[in-house]
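In what follows, chain A forms one complex with chain B and a second complex with chain C.
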Partner chain A sequence: MSKISLRGLRHSYLDNPANDADWALKSMDLDWRDGGAYALLGPSGCGKTTLLNIISGLVVPSEGQVLFGDQDVTKMPTDQRNIAQVFQFPVVYDTMTVYDNLAFPLRNRGFAEDDIDVRVRETAQTLDLEKTLFNRASGLTADSKQKISLGRGLIRPDVNAILFDEPLTVIDPHLKWVLRSKLKEIHRQVGSTMIYVTHDQTEALTFADKVVVIHDGTVVQIGTPIELFEKPKHTFVGHFIGSPGMNLLPCELNNGVPLFAGQVVETENGIHSPQECQNLEIGVRPEFVSLSESGIPVKVVNVSDTGPHRIVDTRHGDVRIKLLITEDESIPADNVHITFDPAHTQIYADGWLVSEASK
Partner chain B sequence: MSRKTTNQKAWLFVLPVVVLVAFNALIPLMTVVNYSVQETFGNNVFFFEGVKWFEEVLHSERFHASLLRQLTFTSIILIIEIPLGVAIALTMPRKGPWVSVCLVLMALPLLIPWNVVGAMWNIFALPDIGLLGKTLNSMGFDYDYTQQPLSAWFTVILMDVWHWTSLVVLLAYAGVSSIPEAYYQAAKIDGASSWAIIRYIELPKMKRVLTIAILLRFMDSFMIYTEPFVLTGGGPGNTTTFLSIDLVKIALGQFDLGPAAAMSLIYFMIILLLCWLFYTLMMKDEEK
Partner chain C sequence: MKRFTWAAPTFYIIFLMLPIYWLLNMSFKTTNEILGSFTLWPNEFTLENYIAIFTDPTWYNGYFNSLTYVGINTVISVTVALPAAYAFSRFRFLGDKHLFFWLLTNRMAPAAVFALPFFQFYSAVNLFDTHIAVALAHCLFNIPLAVWILEGFMSGIPKELDETAYVDGYSFPHFFVKIFIPTILAGIGVAAFFCFMFSWVELLLAKTLTSVAAKPIAAVMTRTASTSGYELGLLAAAGSLTIIPGAFVIYFVRNYIAKGFALGRV
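And now, the complex of A and B:
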């Protein structure tokens, strides 16, 4: 087992990519720590699956290198890489039994039948497949088939990493929760690197120690779930993670101080070189906006109840600002004002957190 | 308390189909059944004979011989065409500009009328002027399909393989190209060999289309008439006289309507029985 590094990775599915939009992955340098539990989070079509397939060797990148430890494996075929991968939709070998399906990756690699038997039974137990172990795989439900796919990924003892490509899409919600906790548990036991692709933030945040957020072929932020929540490096992370997402308010500069609605807004980060900053926005999560006596005047448009919180939808001119209040907090009938928590208010230029703007 | 509405007028909607089926299948078939139990002496004089013709056909050595020839022919072409068709389908490109080129090339033999195929091969295999016959002879083989039974069989089988393997290829190719990419990716991850991919992914996924291919090739080859008739006329001697050729000889050559009708019905039953057998065997696992 070793660290997986990506160096200057770029990929396009076209032979001659002409412009930026032709690249499925745009210049990527990443290190995956050995034994880490990572989530790759991003909307559909952002390049997550491409990245995964490059790591497993199903896709050879147009540019750049993939390193396992110090070894360059960029052009090494999949079966020599010791990578397990589980796909979005169940892949089972129809003519085999569940047992043979699980044993298949081990038999292909020449393991002894005794070892195979032990591992198959262990894996079947973990995934609760024991009862159907000797049934034909073709007659099973989608749930069980996906468990077989997962099993074939988890059964190999020697893998560098296990890659999951939205593995729980076809699984029913209650089982989804169970399996996700199982995976987490397996990760603690086995300790191999796991990379979990998803577009579901709850899934990403519950599974991973580190979340890699991808947007439009670029890594926008790598961080712990808390970092992503409290200090999004890009407005995309701000509104993609969190429910509801981060408020983004267009603002102007006055003597190096951001102004919104004619009022100075205190932010956690400052602006060092105002001339470089374009399209300034103030980002603040609904959790850090509160109702107050004075501050920015707004009009309440809608209040929706989500259980522990109520989401208040307000407008200042054309700008929407959402905030969260508790059940028993009351909303004044008119003259509503709001304030932002300065420690959790950031300023963004061209989408990037300002101290990072030079990136 | 049944809430079913009874409306006998609905039969009217089925009527056109019933009439159509009656005219193109049931009535001709009943005519055959009618002939099969009667003796005719011309002038439309008929005598009822019961199952006499059936007994005669079933005990006739001539029928046994052509049935044996038929079974041999069909088995040989199935054994050649099915694996060959699958093998060609597996080696055909799955994407790119060559796909359509291959498909068109494959479809060509299927577009040629059957008697033309027979005529083509008749000339192609002539030992003195045909390209195939002449080449074989100049290579030192003693080849003459008009005189030697073995050469005749070789030519008939080669012609059928040339004409019909494409059908198996096209069906198998359709089966193979409907396999999602994820299966191949998973197989790579699992370290499967190329033989394992064929054995555990491609063949199982092709099973349904292959069943259809086998059934179609079985039925068509069992009823083959035009091509060998044009090529060899059933000869030399009777060596390539298959069931349908024999049937036509009896019915139209000798005008023995009774035995011919009985033979048609037996022939029909054999095809039906074997098709049912194939289908049941191949689909046995599906029902689980």
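And now, the complex of A and C:
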């Protein structure tokens, strides 16, 4: 049990990475607090799994260090790191019974048979595997097998961290929800560090205390679900998290005041130096756009009903702006105008949030 | 129509079994009966032929010799092919695909091509007429085959199995022996079976590379006539006995062969 730190980490699967695109992970400095529940969120192929494999030692990074506490483990083999990892697809030792599968990690580390028996039964109970405990693992269904994989990850009491690589992909939606709450519960009980890789925002936001969003091999934001929602540091975060994602509007600058469609837009942050004036965009979530008497004129293109609220798809010129309204709010037939909530409207330069610090 | 559905398989099986029946039939006849008249079953039933084989060292040693070099060959082929197949299935290295294909080219030439070089070379290094000589010569054909079969089975096992074992606290050698080999046991069985079969039926190299001490049964059987004239009954009995080891081995891998075919590697 210790803090896991990544220092100046870079990784490429090529021998001689020539340009930026050759790096699967680009320069990463991260600290994982001991006992934290983290989610690594990002689209497929953004480097999440690579990062996880570096922490568990299956991949040795091209550059940089991995520290467990104060110990440098960058080159230490996986079996000595004391890490548990659960993969996306079920991995069971077909030749063993369910019981032996679960007991395997403990036996390898020399636990006494009595303790093993207690742990195995406990874990089997949490994961609802008791009925098949003495069956051979090879004949089971995919989701039972994945539960065994999960169990093998959770069974050791002394791990530095438990890494989950999209562990619930093969499990049907209802059970997924149950298992996710189980994981959360186990985390509260044992308090070991958990890192959960996923590309599903609901999964990330419900599981984690802190979400690390990765895009193109770079960490774009680390924050609580609320922070990610209310204050995305990068347009990618705004777009990726939330359904529908954040509206991004091209914007011009007039004497330091952002303009969209010829109207002044009040934003929560501001532009303060001329260098920041590249590719300016205004970001505002559909939740913070509202219909009003005056403001930016738009044309309603489509309204889709999602149950609790409706998503209104509007256009101003070529720019699409989505907004959420409640069931009982009515949409005027013509002369539709919208306004943005200034407290939740941000301005982005080259994709990144224009920072508060420069104020 | 439906009443005759039994006909096709029945005729097919009769067709397949006929040569084997005829061999067995002959093995229980005297040579005089075989040569003298056409009989569908032995008129003078005799076990003489079998007794002759089990009491004459030139005959039964043929079986021992064959089984010895076939056994050695199977063990060498599978042992060498296991790590090779693992490398081909798990690692990417320069020219891996070419090398993998090149392995097969060893099987493209008939065995006769290699008979002369092997004969000359083994004579030079004093390996001529030993079991290991034949076993090593057959490796040339069997190792590539075993690598191909095993690679197919190994690639069917996800890489995550290896990774999970490391995470669970196993080092690579430990994992390979304790987890990986049991997992692909079916594949090993199939590979061993094919090595066995090839080595068991191969005649040319085995005959060329031996004279007395390691003479295989198939070579003994090419001796159709002896001082007492033609001994067809004896040959038939020897042939019947030669079928047995193959049948015995195939019984053990019968369930896995289908899996091997499904992987397209057999």
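What we mean here is this: the second predicted complex is superposed on the first by the 353 of 359 C-alpha atoms of A that agree within 3 Å, B and C clash if a C-alpha of one lies under 4 Å from a C-alpha of the other, contacts with A are read in each partner's own complex, and residues count from 1 in each chain.
By definition in this document, a contact is a pair of C-beta atoms (placed from the backbone, for glycine too) under 8 Å apart; a residue touches a chain by one contact, two chains touch by 3 or more.
What you see is a predicted model, and the numbers here were worked out from it, not measured in a lab.
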item: Fit or clash - chain C, chain B, common chain A; value: clash
item: Partner chain(s) touched by A:Leu58 [first = chain B, second = chain C, both, neither]; value: both
item: Touched partner set for A:Phe104, first chain B, second chain C, both or neither; value: both
item: Touched partner set for A:Ile241, first chain B, second chain C, both or neither; value: neither
item: Partner chain in contact with A:Ala24 - chain B first, chain C second, else both or neither; value: neither
item: Touched partner set for A:Arg136, first chain B, second chain C, both or neither; value: first
item: Touched partner set for A:Ile83, first chain B, second chain C, both or neither; value: both
item: Shared contact residues on chain A - chain B and chain C; value: 53, 56-58, 77-79, 83-85, 87-89, 91, 93-95, 104-105, 108-109, 149, 152
item: Residue ranges of chain B touching chain A (in the complex, touch as defined); value: 180, 182-183, 185-186, 188-193, 196, 200-201, 204-205, 285, 288
item: For the chain A and chain B complex, residues of the former touching the latter; value: 53, 56-58, 77-79, 83-85, 87-89, 91, 93-96, 104-105, 108-109, 136, 138-139, 149, 152-153
item: Of chain A, residues touching chain C in the complex; value: 53, 56-58, 77-79, 83-85, 87-89, 91, 93-95, 104-105, 108-109, 149, 152
item: Interface residues, chain C side, partner chain A - complex; value: 158, 160-161, 163-164, 166-171, 179, 182-183, 185
